[in-house]
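Here the chain labels run A, B, C and D in written order, and each chain numbers its own residues starting at 1.
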C-alpha cells in the first residue's frame, strides 16, 4: 500500500509543478503591476505543445530525440525520492541526497549533449555556461548537505526530515547558513533571474534556453515540464528539510490532508520570496556568477564550521 | 589452486612475449616445424598451411593477443578464487639470491588487483590484434612490440604475487622498463623519445625511493621478506620516514600531483592498447603497492599520514581535471583525467588512513573499499576511453579535438561505447563511476564522528573539492563527447570516417561497457566479495552493506544512506517508456526534418560551432591563477591603410605549470653542477699530479 | 695445484708466440686459443678449489682462496670473449689502414702480457710480487693506449704512464712500510711479505705503521681503480686506446686494483680496531660515485662516457667494501662480476657503433637501431643493464648496497639516491639520442660478431634472476673471509 | 740512541742519507736538463754507496747484489740513456726556468719537516738505528713528486719519477733488511722497462707536438667546452 501512496505522491508532485510555475508568474506580474496570465496557463502551454509536430534538425543524431525522455525520466525519479507530503515512504530508501545531485547531473549532461548536437553556436555557448555554473554550484550544494548530515547523522531525506521534525523548533546557526547557501544554489541551478533569465530569448544572455533552442513539439513540452518539476523539487527540499512541521508522519488521511495543505502554503511563501528576488535583482554578467556562487559556498562552509564549533559541543578528551 | 591460475597467467604472458620474437622469422619457423614433425605426416600437413607464407603475419598477431587474453582470463580466475575463498597461499621459487629466494604469495588483496588487471587485459587483447595492423607496414619491428607487451603484463602480474622486497622490486622495474620500450616504440618522433626518457628517469627515482622504504622497514625487521617486515616494530619517526619514502615512490608511479609530469607525456605517445593498459592498470598496480606497503607492512597508522595523503589526493584531483579541461589532444586529456582519478583514489585512502588512526576501523574499511572499487571502475572505463581514442586515431589519424566533430553519424557503435565511458567517468547514477564516488562521499560524510575538530572541518572542505572535481570531470568529458562526436564534422577526414570493421575492436570496448554498466547496477555482490579482503587486511568487514537485501547498497547503516541502483534504472526506464508510449502513440505525429532554427540566422557551417577551447574558456578565466596560459592572436591586415582583416590566427597553449616551477629548475641545477664538476678535468698533467700529491698530503695529515 | 702454473704459463707462451706470429693473420687465432686454454685451466683451478678449499703453491708464493678464484675465472672468461670480438675488429682496423702489421704484433703480444700480469696479481700471495705484477700490467697497457699514434692517444698514454707510475710508486712505499711492520714482529725472512702470514697475525702488527701503510696503499692502488681525485688518466686512456683494450681495462684491471685494496683492507682491519680503513674507502667511493655521475652529463665522446660510468661503478664498489657489513660485501663482490660482464659487453657494442658511425662523437652517432638492430638493441639493453634496472644483475647488487647502507649509515642513502638518479639521467640522455631516431644517410651496417655481447648479457640476466649455488657459496665464503659474517 | 755512540759505518750511512736529501733539493733547483741528469746520477751513486754500507753494517750479504744492481741501473745506465736522448732531441740548450724558485724551495723544506712529522710514530718504535732515515726517504719521494709538478719538460718528469724510485729503494734498504730478492729483481726490471718506454715516448711526443713541453699536452680537456 505504501508503494501505491508513493506513486500517487509522485503523480501529485508532477501535476503540481506547472501550478507552482504559474503561481510564480502571477506573483511577479502582480509585483510589476502587470496583468498576469491565469495560474493554469503553463498547463495550456504544455497541452498545446503536445499536439504540435516536433521538428528534427538535419545534423541531429539519436541523442537529440532521446534526451528529453531521459531528462524527464530522471527528474520524475528524483521527484519520487523527495518526500512531498509524507515521510518514511519506501521510495525514500532508493536514494539519498547525493544520488539526487547525481540525477540532476545526469539530466543536465543529456541536456548539454542535446544542445551541442545541432552544432549551432548558441547550443555550444549554453552548454559551456551551464556546465561551468553547475560545477561551481556543486561544492556549495554538497557543503549544505554536509551540514545536514553532520547534525542528522544521515543523508537519507526522510530520516533527516524526521530528525528535524522530532527535535522541534531549534534555532541552529548552521541551518540558517545552510538555508541561505541552498537558496542561492537553487537560483543558480534552476536558472532563475540573477544567474539566468528563463523567459528571455536574447542570444547572449540565455543559458538554459540556449540549449533547448532547437526543441519543439512534445520534446519541448517534456523539457519545460522537467524544469518546472526541478524548480518545485528545490522548493520542496528547502521547505521540508528546514521547516518540516506539518509533514505527515503516518499514512492516515487526516495527516496526509494536513500535509498537502502545509506543503502548499510553504511552497506559496517560497514562491513569493523567489518572485520578489527576481523582480528586485537584475541578471548578472556570466563572470560575476563566480563571485555569487563563491559567496554561496562561503555561506555553506560557515554553516558547517558553525555546526562544528558552536553546536557539536564535543569536549576534547 | 588460485596460485596455480596465477602462475599459468604469468606463463601465458611470458609465452606471448617469446613467441613475439618469431614475428618476422616466418621461414625459420616453417622449416623448423617441417623438420620436427616428419614422423606425423598429418600434423606436418596441418603445420604446413599454418605457417605458410600468406596468412602468417595475421595468424601470428592474433595468436599473440589470444595468449594475452588467456593470461588475463587466468588472472581473473586466480583473483576471484582467492577473493571468494579468502585463502592465502605462499610459495618459494628457487630463484633469486642464495639466502633470499623468491617468495610468492597470493592473498585477497592481490587477488582483487589481479581482477583489476585481468578484465581490461582481456578487452585489450581483443582490441589489440585489430589495432596493431596499423604498425604492420611501419618501420619499427613488431617483434619488439609483442615482446615488451608480454614482459609488461608479466611484470605487473609478478608485482601482485611478490612477497619479498627483492622480487617485488624486480617485477616493479621490469614493468617500468618494458613500458618504457613501449612508450618509445615509435621512436622517430622526438616527443616520444623525450617522454620515454622522462618516464624512465622518474620510474628509476621512484623505484629507489621504494627500495629505501623497504630498507628502513627491513632494517628494524630481521629480513627482506614481507612476513619479516610485518613483524618489525618501528618507532613513530622511522615509520613516518618509511611512509613518506613509500608515498614518494608509489606516488611517483601513480602520478600524484607534484610527481605526475611523466604521465601526460608518456601515455599519449604509447600505442593506444598499451596506454589503455598503462593508464588503466599500471597506475592501479602503484596504488596496490602503496596499499600493501602502508596498510599491510607498516602495521601502525598516524593521522598526519592520512591528512598528508588526503591533501595530496585533493590537489591532484582538482588540478588534474583543471589541466584535462584545457587539453585539445585526446590522449593527453585522458592522461590528465587519469591523474584526477588517481587523486580521487588517494583521497579515499587518506580518509581511510585518518579513520584507522583515530580507531574507527569500520569507517576506515569503508574508505578502503571505496578506494578499491574506484580502482576497478577506473581501470574499466579508462581502458574503454583509451581504446575508443585509438579507434578515432585508426580511422581519422588525428588526435586534435578541434579537427573532429559529427562522428556519431558515421561511427554509431563507437559513439555508444564512448557515451557509456563518458557517463561512467563523469560519475552519473546508473554507471559504476557513480557508485565508487558515492561511497567516497559517504565515508567523508561520516567525518562528524571524529573527535578532533580540525579533522572534522578539513574533511568536509576536502570533499567539497572532490565535488568540484567530479562536476568539472563531467564538464570535461561532456565537452570531449560533444565536440568530438556531435555537431558538424570540422575537417574532411572527420567527414569521411567510417565505422570499425575489425570484429575484435568492437567486442573489446563492448565487453568493457557491459562491465561498467554491470558493476554500476550490482555493486553490492562485488563489495560482499571484497569482504575477505578487508577481513584479512584490516580485520574488519562491512557487515550491513546489504542489510536491505542484495539489491541495495547501505554502507554505514540502513537509515544513514541507501542506494538501490537497480530500482533507479528500472524506475527511469519505466517513466521514459510510459512517456514515449503516451506521447508518441497518442499523437502519431512523427518528427519532420528541417533546417535548424538557430534564432533565424541559418546558413550553418562547421566553423560556427563551439570548439573545445571555447567550451573550456569560462573555466580557464575563472581558475586563471592555476594555469600559466600562453595565448597569441595574429591578425593579418590588407587593403588600404590595412583596415581589412585578411586572416586571424589564434594560438593557445596550456603547459603544465609544474614544469616551470619544479622540473626546469632541477635540470638547470644539474647542468650547472655538471659544468662546475667538469672543471677538474683540465687536461694538464701537472694539475693531475697536483691532485694526487695533495690527496696524499691530506690523508697523511688526517692519519697522524 | 698444477692449475696455477698452467694459468701463468699459458699467457707467457702466448706472449712469446705472438712476438713471432703477431703480424700474421694467424695471430688472432693464437690469441683465441691461448685464452681458451687459460679459461680451461682457470675452470680446472676453480673446481680444484671448490672441492678442497684454498690451496698454496710454490712454497706459499701463490695462494688461491674463495675470494680470488672467481675473479680469475671471470678474468679468463672476459679475456676470451673480448679476444673473440677483437679478432674481426682488429682486422677491420687494419683493413681501414689505421694500424700497420707491426703495431698489430705489438697489440697481440701486449694482450697476452696484460693477461699474464692480471693473473699474477690475482694469484700471488706476496705483496711485493703483487706490486710488480700491477706495475707490469701498467707497462703492458701503456703502449696499447698509444697504438693509433694520434696526438691525443700519445698524450693519453703519457698521462696514463706518469700518473699511474707515480701512483704505483706510492703503493710500493706502502708495501715497504707493511713489510717493515711485519718484519718487526716476525723477524727477518722471506715470508714477512706473504699475505696469509700477515693476515694471521695482523692483530699483532703496530697500528700506527699499518695505518700509514694503508694510506699509501689506498692512494697508490686507488689511482689504478680510478677513485675521483686520482681518476684523471682513466677517461683519456679508455677513449684513445683500441676498444678491446679498453673493454679489458675497464672490465678487469679496475677489479684487480680493487682486489688489491681489499686485500690490504683485510690486513688493516685486523691491526686497527677502529673503522679507519672502511671510512676512508667509503669517503673515496662516495666522492667518485657522485662526481663521476655528474660528469656523465657533459661527455661528448661515447667511450669517455662509459669510462666515467666505470669510475662511478668502481666508486660504488669501493663504498660497499668500505661499509663492510656482510650484505654490503656480498653486494660488492656480486657487483664486481656483473659490472665487468656488462661493461665489456657495452664496450664491444660501442666499438662496433663507432665503427658503424665512423666517429666516437656522440652527436654524430644516430639511428643505430634502424641501421643495424643487433648493435642498437645490444647497446640499449647493455645500458639498461649497467644503469641498474632489474632483471639484470647490477640491480641486485645496487639493491643490496642500498639496503645495507640504510641499515648501517642511513644518512648516506639520500646521497646514493641522488647519485644513482644522476648517473642514470647522464647515461640515458646520450644513449637514447644515439640509439633512436632516423639514421643519417649513407650509414650502412658493418660485419659485427655480437656473440660475446649476447653471451654476456644472457649471463648477467641469469645472475640477476637466480645466482647459481656454486657461485653463491663462493661469494658467501669470500664475504665471511672479508667481513667476518654471513649475510642472512 | 744519539749519533755519538754509533760506530763509524752507521754514522756514514746517516751522512749519506743527508747527502741524498741534498741531491733531491739540488734537482728541484736545476734549470738545465743536462745538469739535472748529472745530479740524478750522483743521487744514484750515493744510494748505491749507502746500500753497500748498510750491507756491511747489518752483515746481510744479498744487499750487496741489490747495491750493485742499483749502481748499474740508477748510477750509470739510465743517466747515460737520458743524456743520449737529450742530445738526440736537441734539448741540451733548453732553459726550463721555474717561475718562482724561492717558493718551490720553501715548499721542499716544509715537505721535509712534514715527512719527519708523519714518520715520527714509525721511528720511535723500532730498534733498527737506521730508522730515522725513513723520514729522509719519504722526503725524497715527496720532493720527487714536487719536482714533477713544478717542471714543464717531460725529461724532468722522468727524472722526478726515477728519484721517487730512488727514495723507495732507500726506504726499503733503511727500514728493513732489503726486500726479498724476487721483489728486488722485479722492481729493478720494471724500472728498466719504464726507462726504455720513456725513451720510446719521448720520440712519439716529439713527433706529435714536436716539443717536450708538457703544457702543450692538454687537448683532452673537458672544461666548459
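Please note the rule applied: a contact is a pair of C-beta atoms (placed from the backbone, for glycine too) under 8 Å apart; a residue touches a chain by one contact, two chains touch by 3 or more.
Since we're looking at a predicted model, the values are computed, not measured.
Chemist: Mind listing the chains that sit against chain B and also against chain D?
Modeler: Touches both chain B and chain D: C.
Chemist: Return the chain pair with more inter-chain C-beta contacts, choosing between A-B and B-C.
Modeler: Result of the comparison of A-B and B-C: A-B.
Chemist: Between chain A and chain D, what distance separates the C-alpha centroids? Give it in angstrom.
Modeler: 101
Chemist: Find the geometric centre of each of chain A and chain B from their Cα atoms only, then give the gap between the two centres in Å, rounded to an integer.
Modeler: Inter-chain centre distance comes to 36 Å.
Chemist: Nearest whole angstrom, what separates the Cα centre of chain B from the Cα centre of chain C?
Modeler: About 43 Å, centre to centre.
Chemist: When the C-alpha atoms of chain A and chain C are each averaged to a single point, how far apart are the two points in Å?
Modeler: Taking the mean C-alpha position of each chain, the two centres sit 78 Å apart.
Chemist: I need the residues of chain B touching at least two other chains; which ones are they?
Modeler: 675, 678, 681, 685, 689, 692, 696, 700, 703-704 - these are the residues of chain B that touch more than one other chain.
Chemist: Tell me, which residues of chain A touch at least two other chains?
Modeler: Correct list: empty.
Chemist: Give me the residues of chain C that touch two or more other chains.
Modeler: 158-159, 162, 166, 170, 212, 235, 295, 298
Chemist: For each chain, which other chains does it touch, given as pairs?
Modeler: Applying the touch criterion to every chain pair yields A-B, B-C, B-D, C-D.
Chemist: In their complex, what parts of chain C are in touch with chain B?
Modeler: Residues in contact with chain B: 158-159, 162-163, 166-167, 170, 211-212, 215-216, 218-219, 223, 229-230, 232-233, 235, 276, 280, 291, 294-298, 369-370, 373, 384, 387-391, 395-396, 399-400, 402-403, 405-407, 410, 413, 416-417, 420-422, 424-426, 428-429, 432-433, 436-438, 464-467, 469, 472-473, 475-476, 486-488.
Chemist: For the complex, which residues does chain C have touching chain D?
Modeler: It is residues 61, 126, 128-129, 131-132, 135-136, 139, 142-143, 146, 149-152, 154-159, 161-162, 165-166, 169-170, 172-173, 176-177, 179-180, 183-184, 188, 190, 192-193, 206, 208-209, 212, 235-236, 239-240, 295, 298-300 of chain C that touch chain D.
Chemist: Can you list the residues on chain B that touch chain D in the complex?
Modeler: Touching chain D: residues 675, 678-679, 681-686, 689-690, 692-693, 696-697, 700, 703-704 of chain B.
Chemist: For chain B, which residues are in contact with chain C within the complex?
Modeler: 94-99, 139, 141, 165-166, 169-174, 176-177, 184, 187-188, 190, 193, 196-197, 200-201, 204-205, 208-209, 211-212, 214-216, 218-219, 223-224, 670-671, 673-675, 677-678, 680-681, 685, 688-689, 691-692, 694-696, 699-700, 703-704
Chemist: State the interface residues of chain D toward chain C in the complex, per the touch definition above.
Modeler: 118-119, 121-122, 125-126, 134, 138, 141, 145, 148, 154, 157, 161, 164-165, 167-168, 171-172, 175-177, 179-180, 182-183, 186-187, 189-190, 193-194, 197-198, 200-201, 204-205, 207-209, 217-220, 222, 225
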